[in-house]
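Structures incoming, each one as structure tokens.
Two complexes are shown next, each including subunit A; its partner changes from subunit B in the first to subunit C in the second.
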Partner chain A sequence: MSHTNDAPRWQRFTRAQRLARFAVYLAMVMAVVWSVQNVRVIPEFLYDAHTQMADLLRRMWPPDMAYYPATVHGALIETLHIATLGTILAVSMAVPIGLMAANNIVPIRIVNEFAKLILVASRSVNSLVWALLFVAIFGPGALAGTIAIAFRSIGFVGKLLAEAVEEASTGPVEALRAVGAPWPALLLKGYWPQVQPAFWSIALFRWDINVRESAVLGLVGAGGIGLVLDSAMNFFQWTRVATILIAIFIVVILAEIVVTQIRKRLI
Partner chain B sequence: MSAAVKSLPGPSIRARAFRPNWPMRAVWLGFALYVVYASGRLNFTWDRFVTGLDRGAVFLGRMFPPEFTRWQLMAEGLLESLQIAIIASAAGILLSLPIGLLAARNLMPAVVTVPARAIIALARSFHPIIVAIIFVKAIGFGPLAGILALTLGSIGFVAKLFAEAIEEISLKQVEAVRATGASFMGVVIMAVLPQVLARFIGFSTYQLDSNLRNSTMVGIVGGGGIGGTLFSAFQRFDYDFVAAILISIIAMIMLGEVIATWLRRTFQ
Partner chain C sequence: MSATSFDAATPGRTENDRGQGAATAREIVLSLRSLNKQYERGKSVLSDVSLDFPAHGVVAIIGPSGTGKSTLIRCINQLVEPTSGEVWLGGKELTKLRGAALRAARREIGMVFQEYNLVERLSVIENLLCGRLGYVPLWRIWTRNYPESDIARAFELLDRVGLGDFATRRADALSGGQRQRVGIARAVMQSPRLLLADEPTSSLDPRTSVEIMTLMRDIAAEQNIPVIINIHDVALARRFATRIVGMSAGRVVFDGPPDELKDHHLTEIYGGSASGEWIG
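Presenting the complex of A and B:
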């Protein structure tokens, strides 16, 4: 005990830090205990969950491959179009909003904050909710899905784009300004070459996410493969459900491979 | 002045400062053509868009003012969503620890990493909502389906990043601890975890945040939480109630984001 008085005792964290951490751990445990005690889960459902899952998987086997060319393929292509068009639309809307949010492009605080508000609003609403809203507006179909994907993605693309623009070096921009270049030239020749790698990387990343998300939109009527999945499930055609799930799985994996390959080449 | 300008070399021998980038222009042209082609394939017409805007105005009009009188129903749904998110995050993060460790290629042999990576890939590639429907169909309606779906999604995300973080650690500390004759668990606890803990907490809080968002949605397919209330309000064209639910969901998500930032700061 005496050594604590002689030599300074090494401690990684201050007392306040340790107390804060302990409080967080305690709060986490309490939150979990509260949730487990109050959630309305019927224990019998939990106990036989694995047999029910196994039963469902057995009913899915073998996947109905004949169903693929008939219906699934077209829906899958539609899903890819929704994801791609939605991403293009999102990027073209996110560029002006992202530029407005970047303080070095528009040095007006209130404009920056307004643009950031739009970006946060876009991100806070889930793509399914956006899809529900646009199905109510445009009617069921791919148009609602595409616009839902676009509105959902603006926040993500715009935020990352604004950050990339704000990190751009001022050197080339000042050089251009010194020779009297007009503002479109400043953007195009000063900022764009610096932001370009980030731009493509953000757009590709979002496209990858959108391929996953667009597969779900059909569940609320916004077109694509989700629609086919929903009807197959409603008719309990489990072998068809299996085909659809396999198709989604392969497309998602392919999209990821495409994105990684392009990123490797491009950036 | 004019003499000085004239003495400059003429355009014939001056190099262009910005040469046109033809491949890039071709890419942009390709995008433009694709947009036209795909819009045609999906039957997008300007008419549909314009009629939609009219309907959108009516729709927005019916959303206001938001109706908060049924707040008890909303509070019940939000609390259930919160419980789903907390349980799914806790279970998902706890399960991610062993799975992520098993998937780290610098610590484990291929026999172990390949199946662990397969589990992660499978958990990652389906959207949580699709996983939720499957669980709803298999084990019935209610929060349990939502919890299981989000747990699986959390494993896909947290375990993947955890494995990647472990693969980037410095092996010097591992060697040092191993040299003292420590057991495998000793090496993991004393040499591996301290190097990755900060990042692990980072993406765990991110996942908590993301689970909170998704837990408000799994109800749309019957997985419990506020999503069910939202979806039925939509189907009853009860748009002022929809607006109230959306506002409360966004408020809860933003609160969650604040708490997540605050948590991350505590552990920095």
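Presenting the complex of A and C:
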């Protein structure tokens, strides 16, 4: 079959769109090149990295299991407490702020924006930085860690909650308005049943993340297993470091399994 | 234009008929007085709609999509606020009401929706109890501690709509027809003075549509509740309504008993040049 010039032609993008797409690809390649140059890999260190790694592993072996009941276990439990309490605190603060951020609950733009500002502020600061701040305020220990975890999580939980609320279908809510229900009843019976699966899923997911985050908080003195890890590394006690890393790994896996199982049952 | 003269003549005539009938034999439950609605300035969805509804019977509002039927019915319970005009329900003017007074008025008006609008993740019985949300204090709603009389009535109504075995099923496990039965039961749970239905059969198959219309007519008659139904299906309207209101472009262009609704009225309402092409 031969095509003549007047046969209808179709192209997905116009010429301008194709140029723009090419420019985006070019920019991406340039960004990669630029960042590789910036990282400035030192070849000497790279060449013997594998021997260093092998050496470290050899020094870690065998893990010091006696250290687990003596010190690691208590710190691990404290880490879980920090994660759990921090998540509960975060959720209780994120619910009102998340509702304020949802335009279908509070149809006032300025309130939505203000709530979103709080949520962004919470998320823009890393847990470790929050922890540094609260160690300075409350002194070192689990309290600072708990508050740090809570403040970092408000943004995450609040944002996802607000989105879930805004996605709730309007039909049932309209029906309950027609029934003459006051607004707390609309929240309870119109929105909550719709948002409930998302709510539990968000809270559990955040707890899962917080278990991992609270494991490093000790590095800045905010309690938990990170504190033990920090001191073991400072004293080059590599067999103890191995024990701690294995303990963290197992707890993270267990948390993941628990969360997955509960979520399956919720939805 | 012929349409203009028709507009002017028909509602006037029937309104007089109705007016006399109402004064002598029947109590008026709902009065609409020159309702207007504009979502955008200058674009009228409802133009000067005045209707009286007696305390008994089924009134069907027919008309093409986008002609303001849905808006009209939502103006009655103020889900949509009319731009001007009055809505009188049992001596109260609803358009002026706000807050608690508006909610008190709304709980006297039951509503059935095209998409059922059940709370999908709640059980059927709790969906029925949602019909009492305007009456039950908040702590009882929070703790799911509904008054026993409400629960007894909910089970009774559930039996009446033929879903006695479905009380603890979740609403999202039901078929469309079953959901609409729940929707009707929820509306009747309010013990309303008036039942509104917005295209209650449009998402259902023809047979289920007839079942739902039969149920709605019968249950309303048993409970002495007048019904106003938006419906685009003329055959269903003729079969179940005691009175038909035809709307076109936001105006009432026909108002009378079903057997007075002739083909030229339908052409007037739905448009089209040659009547009979689509009128079955």
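Assume the second predicted complex is superposed on the first by the 248 of 267 C-alpha atoms of A that agree within 3 Å, B and C clash if a C-alpha of one lies under 4 Å from a C-alpha of the other, contacts with A are read in each partner's own complex, and residues count from 1 in each chain.
In this text, a contact is a pair of C-beta atoms (placed from the backbone, for glycine too) under 8 Å apart; a residue touches a chain by one contact, two chains touch by 3 or more.
This is a predicted model, so every value here is computed, not measured.
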item	value
More subunit A residues in contact [subunit B versus subunit C]	B
Subunit B versus subunit C as contact partner of A:142, first or second or both or neither	first
Partner chain in contact with A:189 - subunit B first, subunit C second, else both or neither	both
Which superposed partner A:41 touches (first subunit B, second subunit C, both, neither)	first
Which of subunit B and subunit C A:172 touches, first, second, both or neither	second
Touching partner for A:220 - first (subunit B), second (subunit C), both, neither	first
First (subunit B), second (subunit C), both or neither touched by A:94	neither
Touched partner set for A:181, first subunit B, second subunit C, both or neither	second
Residues of subunit A that lie at the interface with subunit B and also at the interface with subunit C	189
Subunit A contact footprint on subunit B (complex, rising order)	18, 31, 34-35, 38-39, 41-44, 48-49, 52-53, 55-56, 59, 79-80, 82-84, 86-87, 90, 121-122, 125-127, 129-130, 133-135, 137-140, 142-144, 147-148, 213-214, 216-217, 220-221, 224, 230-231, 234, 239, 246, 249-250, 253-254, 263, 266-267
Subunit A-touching residues of subunit C, taken from the complex the two chains share	77, 79, 100, 103-109, 111, 113, 115-122, 130-131, 133-134, 138, 141-142, 183, 186, 190
Complex interface listing, subunit A residues touching subunit B	17, 20-21, 24, 28, 31-32, 34-36, 38-42, 45-46, 48-49, 52-53, 55-56, 78, 81-82, 84-85, 88, 121, 124-126, 128-129, 132-133, 136-139, 141-143, 146, 189, 212-213, 215-216, 219-220, 223, 229, 233, 245, 248-249, 252-253
Complex contact set, residues of subunit A against subunit C	171-172, 174-182, 184-185, 188-190, 193-194, 196-197
